Amino acid sequence: MSSIEVRAEAIPNIPFQERPADCADVLYRYSENPVVPARAIRASTYIHNSAVIAHEGAFRGVFRIDNRSRRMQLHAGRSEDGLKWKLDEEPIRFRCDDPEIGRFTYGYDPRLVRIEGRTYVMWCNGYHGPTIGLGYTDDFQTYHQLENALLPFNRNGVLFPRRFRGDYLLLSRPSDNGHTPFGEIYLSHSPDLVHWGRHRHVMAPIREENGWQSTKIGAGPAPIETSEGFLLIYHGVNTTCNGFVYSAGAVLLDLEQPWKVIARSDPYLLTPSTLYECVGNVPNVVFPCGALVDGPTGKLALYYGSADTVVSVAFGYVQDIVRFVLDNRVR
Amino acid sequence: MSSIEVRAEAIPNIPFQERPADCADVLYRYSENPVVPARAIRASTYIHNSAVIAHEGAFRGVFRIDNRSRRMQLHAGRSEDGLKWKLDEEPIRFRCDDPEIGRFTYGYDPRLVRIEGRTYVMWCNGYHGPTIGLGYTDDFQTYHQLENALLPFNRNGVLFPRRFRGDYLLLSRPSDNGHTPFGEIYLSHSPDLVHWGRHRHVMAPIREENGWQSTKIGAGPAPIETSEGFLLIYHGVNTTCNGFVYSAGAVLLDLEQPWKVIARSDPYLLTPSTLYECVGNVPNVVFPCGALVDGPTGKLALYYGSADTVVSVAFGYVQDIVRFVLDNRVR
Amino acid sequence: MSSIEVRAEAIPNIPFQERPADCADVLYRYSENPVVPARAIRASTYIHNSAVIAHEGAFRGVFRIDNRSRRMQLHAGRSEDGLKWKLDEEPIRFRCDDPEIGRFTYGYDPRLVRIEGRTYVMWCNGYHGPTIGLGYTDDFQTYHQLENALLPFNRNGVLFPRRFRGDYLLLSRPSDNGHTPFGEIYLSHSPDLVHWGRHRHVMAPIREENGWQSTKIGAGPAPIETSEGFLLIYHGVNTTCNGFVYSAGAVLLDLEQPWKVIARSDPYLLTPSTLYECVGNVPNVVFPCGALVDGPTGKLALYYGSADTVVSVAFGYVQDIVRFVLDNRVR
Amino acid sequence: MSSIEVRAEAIPNIPFQERPADCADVLYRYSENPVVPARAIRASTYIHNSAVIAHEGAFRGVFRIDNRSRRMQLHAGRSEDGLKWKLDEEPIRFRCDDPEIGRFTYGYDPRLVRIEGRTYVMWCNGYHGPTIGLGYTDDFQTYHQLENALLPFNRNGVLFPRRFRGDYLLLSRPSDNGHTPFGEIYLSHSPDLVHWGRHRHVMAPIREENGWQSTKIGAGPAPIETSEGFLLIYHGVNTTCNGFVYSAGAVLLDLEQPWKVIARSDPYLLTPSTLYECVGNVPNVVFPCGALVDGPTGKLALYYGSADTVVSVAFGYVQDIVRFVLDNRVR
Amino acid sequence: MSSIEVRAEAIPNIPFQERPADCADVLYRYSENPVVPARAIRASTYIHNSAVIAHEGAFRGVFRIDNRSRRMQLHAGRSEDGLKWKLDEEPIRFRCDDPEIGRFTYGYDPRLVRIEGRTYVMWCNGYHGPTIGLGYTDDFQTYHQLENALLPFNRNGVLFPRRFRGDYLLLSRPSDNGHTPFGEIYLSHSPDLVHWGRHRHVMAPIREENGWQSTKIGAGPAPIETSEGFLLIYHGVNTTCNGFVYSAGAVLLDLEQPWKVIARSDPYLLTPSTLYECVGNVPNVVFPCGALVDGPTGKLALYYGSADTVVSVAFGYVQDIVRFVLDNRVR
Amino acid sequence: MSSIEVRAEAIPNIPFQERPADCADVLYRYSENPVVPARAIRASTYIHNSAVIAHEGAFRGVFRIDNRSRRMQLHAGRSEDGLKWKLDEEPIRFRCDDPEIGRFTYGYDPRLVRIEGRTYVMWCNGYHGPTIGLGYTDDFQTYHQLENALLPFNRNGVLFPRRFRGDYLLLSRPSDNGHTPFGEIYLSHSPDLVHWGRHRHVMAPIREENGWQSTKIGAGPAPIETSEGFLLIYHGVNTTCNGFVYSAGAVLLDLEQPWKVIARSDPYLLTPSTLYECVGNVPNVVFPCGALVDGPTGKLALYYGSADTVVSVAFGYVQDIVRFVLDNRVR
C-alpha cells in the first residue's frame, strides 16, 4: 500500500471491512457493532474493555467482565473469526508462587502481547489499590501470574512487543485511588519482568479548553512496530460538566528511544458518537484495549470497550493511521 | 412452590408475567415497560419513584411527579390492573394539625404500607432539608399528615407492615443536604408514630472497587414478611466517573430483631440495562419504591423508577428471591 | 392574535409548524429535529449551540462546531428555508486591529443580533479564560472583531437589539474558570461597544430543591421586544447526582429599565425529553442560542443545541409565551 | 442589678471576676486563662470542650480529653473553686443496659444539665458516626448511659433544664459524617428521654460574606432561663481561606415555645483573639460547652474550649448579655 | 542614591527606619510592628488590609475593619507621623447618586491613589458578590461613590496614579464567589472612570511546586512610577496542606504599555515570618495595600495587613527594590 | 539498659539530654529547640525536614531549604556536636549520567542512610511530579545521583540500612499530585538500586475519628535494627477542620520479612504541642526525617521538621521506644 512497513506477523483471516464510501476517517466502525453484548454469558453484567490476540489460525481474548455483583473479573474467550466470541463462564484463575500476590481481588482492562513466542497478559490488578498485574500463558489453558510490576496506584500498563537491549519495556499511567482527574504516560525498563526502573516520562495530557485529551491519557493496546516508529493507540479524556468523555488517538514513538514522541495526533481517531458508545454503564466511552494487525497488509482491527458496557471493533490500515498522525501532529 | 411461607394477603389480580424462557434472573422486567410514561398527565415532566398498594380489588398509588417547574410533588393514582394507571392532575393536599409541619415544600420517593388496616404514606419531605414525612389515608380521598418522624437530613423512610411488641418500626437512611455520597440503613422504634428512639444500625454499603452497593444504600418498598425473615428490597449505589448508578438488591432481616441481617445478596437483582433505565433525567437509575405481593402464590410485582423519568415494573416470586439471597449471600 | 405587539421585522418565510393537536406547550419541538446533524461537515464532531438571523430573504447563521480535535470553532452557514443548512468547512477568520485580541484561541456559543442595520456576533471567546467576544459583519463575508467586552471569566453575552439613550446594552453571566456551579445575569452599558459600565444585576438562580433554574442561569438569544417588555429566553441549570441538566425558560424585562424583571416564568419552556436531547456529548442539554421572530405574526423559531451534539428547533408564538410568563410567574 | 430575673439556683462561690475597667464587652476573659492546661493529666494530649456543674458547694465537670492516641474520651473532674481542677486519669465508664449502645467508641464535647435533681450528661457519641449520647449520674461516681437520642449524624445535643408540659426538650445540630460545612439548630420533644419527635427548626446560620455565624451554628451550654426568655449561648462558624473560625454568640428563645427566636445577637460575644485561642491543635476556636450561673446575682462563668487544646473561662452577668442580645439583635 | 528616578512627590516626614545592620533584605519590617492593633477602636475585631496617603503634611488612611459582627467595613483614620493612627468609630458613608449602587453591603481591602489632585478610593465592594468599588474624596470629610468599575466577581482593583493618553488605567484580579483558588492580573482602560474596556492580561501565577506565587496573585498599592517602569508591589499566594500563605513581591511594568511586564521578581519581598504574621484570624498572611513614597529619596513605607488581624509596616528604598527586581527576575 | 540489643555503630559524642524528671514520655524534646532556625543562611526562608548522619567523629546533614523564592532545595551542612549546624549557602549539585534525570527541579524531605560504607541520600524529587530520588556520596563533597527509584507520584522513600539476601529494600508512600489525602507504606526490592520490584504492602492508616494516623502515614528516618525487629519511626496525619496535623509514631518490622508488622504503637510518640511546632509556614507539623543512634547505649537523637519552618530535636532510648511499642501496640 505504501512505503510504510508494518512489522507484525501475518493474520490472513483478520476480521476486516473496507472503509465505507461515505467515510473519510482512517479508523471506522464495524457495521455490526457491538461484537460482544453485555450479557454474552450468564455471569456478566457488562463486557467491555478487552484484549484479543491471534492464536493458531483462530483468536483468543481476555475479557473484562463486570459480574452479577458488578465485581470486575477477567474471563478467557475464543473465536474463529474474531467477531463471534465464546467466553468462559468462569473467570481465569492465575497460578502464582506467592499467595499474597496471587490472591485475586479484582482485575480489569486487560491487554495482551506476544513477546518471543509467549503471550503476556497485563491488567489493572487490585493490590491495596489498582496497580499493574502481569501474567502469561503458553497454551491459553494455564495462566501464570508474575509479581505486580509497579506500586499502586497505576493503570493502563502495556508491554512493548519486543525487548530493547535485553530490557522489557512497560508503559503505564500513574493514578490516584479514585476516578483519577490527571494522568500521564511513563515508560519503565526491566531485565526480568520483575524489577522495573529507568522510568521515563513519555507524554502528558494537552491542557486546553474542551480538548479530547485534556484531562488524562493512557496507553491502549500494545504498540505496533512500523518503519516510522511504534504506533501507540491510546485513550484521551475530556471532562464535561457531566463527567468524563473517553476518545482514542494515536502517537508515534521513537524506535530507539521509545519514550520519545515523534508525532502525536492532534485530532482523535474515534470519539463517542453511536448509541452503544453514548449510552450504558458509563456514557460516552471509547476505550481501546486490543488490536489485531496483519503485517503484510497493515490491516488493523481495533477492539474497544463502548460505554463500559459492550465490546466493539473499528477497522483501518496501520499505514493510513501512521500517515494521519504524521500529517496532523500536535504542533 | 416451596416450603417458604409468604405472609401477605392475597391479591388474585396482581399484575404478573412468568419468567421468559431465556431468562435466568429471579427478578425480570415487564415486557411492556414502562407502565407510566413521563408525561402521563399535563402537570408532569417526569413520573418515577412511586408506590402502589392493593385496594378493594383494584390498585392505588402515590406517585412522584416532577412538575412543569421540575418541583417534586406527590399525586394519587388508581388502576384496575396495576399496569394502566390514571393519575390526578392535582397533587395530594395533606391535612395537618400543625401549619408549620403541614406547609408542603416538596415531597418525593413515596412508599405505602398497610398496618392494622390503615394505609400509611412515607416520603422524603422538605422541612429545612429532606426528612421523613409520614401520613395516612383510610379512603384514598383524604390524606392526613403526621409529624415528621426524624430530623433532617434523612431519606428513604419505610415502615414495617406490623408492630413489634407494640412498637412501630421505621427504616431510614441518614443523609446530608446534597447528593449524599454515603448512606447506611438504620431502624427506629416508636410507640405512637410521633416519637422515635432506640435507633439501631442495620447495614452499611459494602466498600469495594466498583461494587453495586459501594457508595450508599437505602430501603425500597416496605419489608415483606416470610417464614425466613423480612425480605427487604433496597437500592444500592455505585459511583462511576460519570456519576451514580442505582441498582436493586435484597436482604433478609431477622423476624424478632429486624435490625439484624440474616443474609444479604451479594449480586444485585436489577441493574440499569435498558434504554429506559439508562437514558433520561438521571441516567442509569433503577429505584424500587413499590411492591405488590400475592401471599398465596408469592408473586411479586416490583415498581421502580427508571432513569428518574418513568415508572417500570419487574416480576418474580418472593420465594425465589428469598432463596437467591440465602444462596448468594455476602460472605 | 391578540393585543400583545411584537416589535420585530417581518420574516415571511420563517420556518414554522403549528402546534400539534395533542400538545399544550407554548413552545414545541420541530417534528424533524435535529436540523443540523453532528457531522454535517467533514470538520465537525458536534454542531450545537448556534445562532441564526434572517438576511435578504434567506437565513444566515454562526455555528458552534467542535472540530475533529474537539476544539471549539465558529463556522458560518446559510439556508434558504432555515431548516436545511449549508455550513462552511473553514471557521470564520475575524479581522481585528489588535493582534493580541484577534488571536483566536477558541470560540463557542455564538449569538447574533441586528442593531441599526449591522449584524453583531457575540460569543464566548478564549482570552486567558472565557470572556465575551464581540464582532460584526455587514455582508456575511467579512467578519470584524472588536475588543472583548468584559474581563474573563464570563459567558453568555448577549446584546439588546437597540440602543437605550445612546447606550448599547449587554447581558452577561460572570463565571469561574471551570464548569461554573453558579451564575447570575447582569446588564452593562456602553456608549461605544468598547467601554462598559453601569453594571446592573438582573436576576439570580432560584434556589430550591431540584428546581430547573436552581444552579445557574444565562441569557439565550437576543431579547425580543414586545409591548409588554423585552422577552428574554434563557437557560437554567439543575444539578442532579449525575451532572447538570439544561432547560429553557423566559422572562419579561422592563422596556425602560431592562435590568428590572417584570415577570419570570416559574415553569420551564423546554426541558430535555427526547433522545437527541438526552443522549450525546453532554447528556440532558437544551441550550437556546438563536431565534427568528416574524413581527407581524409573532411566530418564533427557536434554535437550540441538544446534548451538546446537534442543533434543534422549537416553535411557538411570542404572544403565547409572553402570556404564559405573565400567567405563570415566579411568586 | 435590674428587672431581668435569672431563674437559676444560687452558687455563692461561683468563680468570678468583675469586668476590667478598659473593657466594654459583656463577656470577658478570665485573667489567668487557661484554667485547664493541655496536659493536666498523664493520659491527655489536649483537654478542651468541657462541661461543669455546681455540686454540694463545689464543682464537678465532664471533660473532653484527646488521649495519647488522640482518641476522644470523657473524663470526670472536680474542683473546689471552679478554677483549679483535678481530673481522673481514667475515662468515665458508663453503665448501659444494651451492650450495643454501651460499647464506647468515642465521645466528645460533653454538656451537663440538672433536671429535677438529676444530672444529665449529653455528648457527641460515636455510633456508626457521631450522634447524641445521653447519660446521667446522681452521685458523680456512677454514670448511666441511656439510648442515643437521635440518629447519626448529629452533634451539639443539649437538654433544657426543665420539662415543658411533661416533655423533655433537646436542642441538636444535624450534621454529615465529616467536618460538616453546614449546620442548623433544631428542637425535639420526648416524654421519656428515649423516644424523640415533634422536631422543630430553631435557627440557621446567617449567610453573609465573612459573618461569624455564616457557615454553621450549634448550641453551647444548656439554656439559662430568665424572665425574658431562655438565653442560649451558642457557637457560630465562619470559613476563611485557612479553615473554620469558631466564635460564641447568644440568642433568646421563647419561654413557651422555645423553638421560637425572640432576639439573636448580631455581634458575637467572644471570638478568637488570644494566643491560647488562636494557636493549638485547631487554631482559632472558641467553643463554649459549660456554664455556671448564680441566680441571685446573674453572675455567669462560661467554660469554653480554646483552639481545641485547653479549657478557658469567660465572665459576665446574664442580665447584661440578655440586654445586649435585645439591643443588638439581628434585624 | 543612584540613577534610578522615583517619580513621586516629596513626603519629608515619611515614616522610616534604615535597614538593620544584620539584614540583607531590600524590604524590612518596622521594629515596632504592628502599627494598628486589632482592637484600636471599640467597633473593631480586626484591622488589617488598609491604605494610607500623605495629606497636608500629615497622613490619612482608609482602613479595613472587621467589626464586632465580623462584618467588613471601611473606616477613615489620620496620623501625624504615619505610625500612630487615630481611627473613626463610625464607618465611611459614601454619597452616591444611585441608591442601588450606594447601598453598602460590605467593603474591604481598600487602596488609595491621588490622580490630578483628587484622592480615589478603590475597594472590594459587595454587589451581588465582590467587585471593584470606586470613590473619591477631596477633603477626607466627604466621600463620593462612583459606579462599580467591573462586574463581580473581582478583587484587588487598583488605579494607576496618572492617565495614559486620556485614559484611566485599572488593575484588577477576576475571581469566583468564594476563596478563589486562581487569580491573574488584568488591566482595563476608561475615559471616564465609569465605562471600562480594552482589557489586557498582565500576568498569571507561576505554577510550580510550593512557589510563593503559584496559586494566585493580586495588585497591592497603586503602582509607583520610576524611570525604569511602574513598580507594582503585589501579593502572591501559595497553597499548603493547611491553607493559603500570602507573600509580597514586585514587578516592573512598561511605562508606555503598562500591561507589559519588564521584570518580575522571582523571590518574594516579604513572606510570613513573625508571630503577628503567622498567628491571628487568618494565619500566614502578608497583604500589602498601602504605600507612602518620598520621591526625592525613594524611601518607601509599605503598609500591609498581617494575619488578617493587624496593620504592619515595612521599609525600603524604591531604587533598591527596582534593582532587586531587575537582578532577580523570573527567567 | 536491658536485653534489647540495638544494632547500630557507636556515636560516643551523640547529642543527648536525659529525660526531665517531670516527663513520662519515651521521646522528649531538646530543651533548646529549635536547633536550626528558619533563616540560618541568607538563602533560606524555612529550614525543616532534614537528615543527619555521623561522619568521622562529627556530623553531616542534608537539609531541606525553602529558598527565598520558596523553592525547595537540598543543602549540605556540618556540625561538631550535632546541635550547632553550619549550612552551605549553595544547594547540592548532584552529578548524574543522564541529563534528563539530573535536571534538578525541586527536592525535599531528604533522608540519609549508610549501607556497606556508602552514604545514600533519598529525597522527594521532582520529575513530572514528586517521586523518590536516590543519590550517594562517599566524601560529602561530591554527590552522585542515581535513577529515580519509582514512578511519580511517590514520597517518603527510605532505604533499609543493610541488604537482604542481596537486595536493597526501600520503603515508600505512593501519593497523588497534590496534598494527598491518603497514604500507605510499601516496601520494594532491588538487586541494583536501579530496578525495583516485589512490592509489598506494609501498613495503612488507621481509620478512626480524629486518630493521629487516620489520614495517611509515611516513613521517617531509616529503620533502626534491634534484636526485636526494625524500629521504624514514621509520621501519621490527622485531618481537622483546619487542615492536617502531623505526629510521629513507631512500628517494629520483622527482621526476616520486614514488610510484616510485629507491633505498631497505638499512641503517638510526638505530636505538635510547642509554639515552634504549632506556628509557622504550616502549623501543627512534627515531621521526623533524621536520626542518630548510639548502638552501645541505645541513645537516639531524632531530628524533625517543626511547622515546616525549623529543625528540632527529640531524645530518647531506642530500647524504651521498642518496649513502648510492644506494650502499647494497636490491637
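Labels for the chains are A, B, C, D, E and F, by order of writing; each one numbers its residues from 1.
By our rule, a contact is a pair of C-beta atoms (placed from the backbone, for glycine too) under 8 Å apart; a residue touches a chain by one contact, two chains touch by 3 or more.
Please read all numbers here as calculations on a predicted model, not as lab measurements.
Engineer: To get from chain B to chain E along touching chains, fewest steps?
Structural biologist: The fewest touching-chain steps linking chain B to chain E number 2.
Engineer: For the interface formed by B-C, which of the candidate pairs C-E, B-D or A-B is equivalent, sharing more than half of the contact pairs by residue number?
Structural biologist: Same contacts by residue number as B-C, out of C-E, B-D or A-B: A-B.
Engineer: Using the average of all C-alpha atoms in each chain as its centre, how far is it in Å between chain A and chain F?
Structural biologist: The computed centroid separation for chain A versus chain F comes out at 40 Å.
Engineer: Provide the list of chain D residues touching at least two other chains, using ranges where the numbers run on.
Structural biologist: 242-243, 279, 283-284
Engineer: Name, in rising order, each residue of chain F that touches chain D in their complex.
Structural biologist: Within the complex, chain F touches chain D at residues 24, 208-212, 238-243, 245, 247, 266-268, 271-273, 275, 278-279, 283-284.
Engineer: Using the touch definition from the top, list the residues of chain A that touch chain F in their complex.
Structural biologist: Touch list, chain A to chain F: 100, 127-129, 131, 147-154, 172, 174, 176-177, 180, 182, 184, 186, 188-192, 194-201, 204.
Engineer: Using the touch definition up top, name the residues of chain D that touch chain F in the complex.
Structural biologist: The contact residues of chain D facing chain F are 38-39, 42, 45, 66-72, 105-106, 126, 130, 179, 242-244, 279-284, 308.
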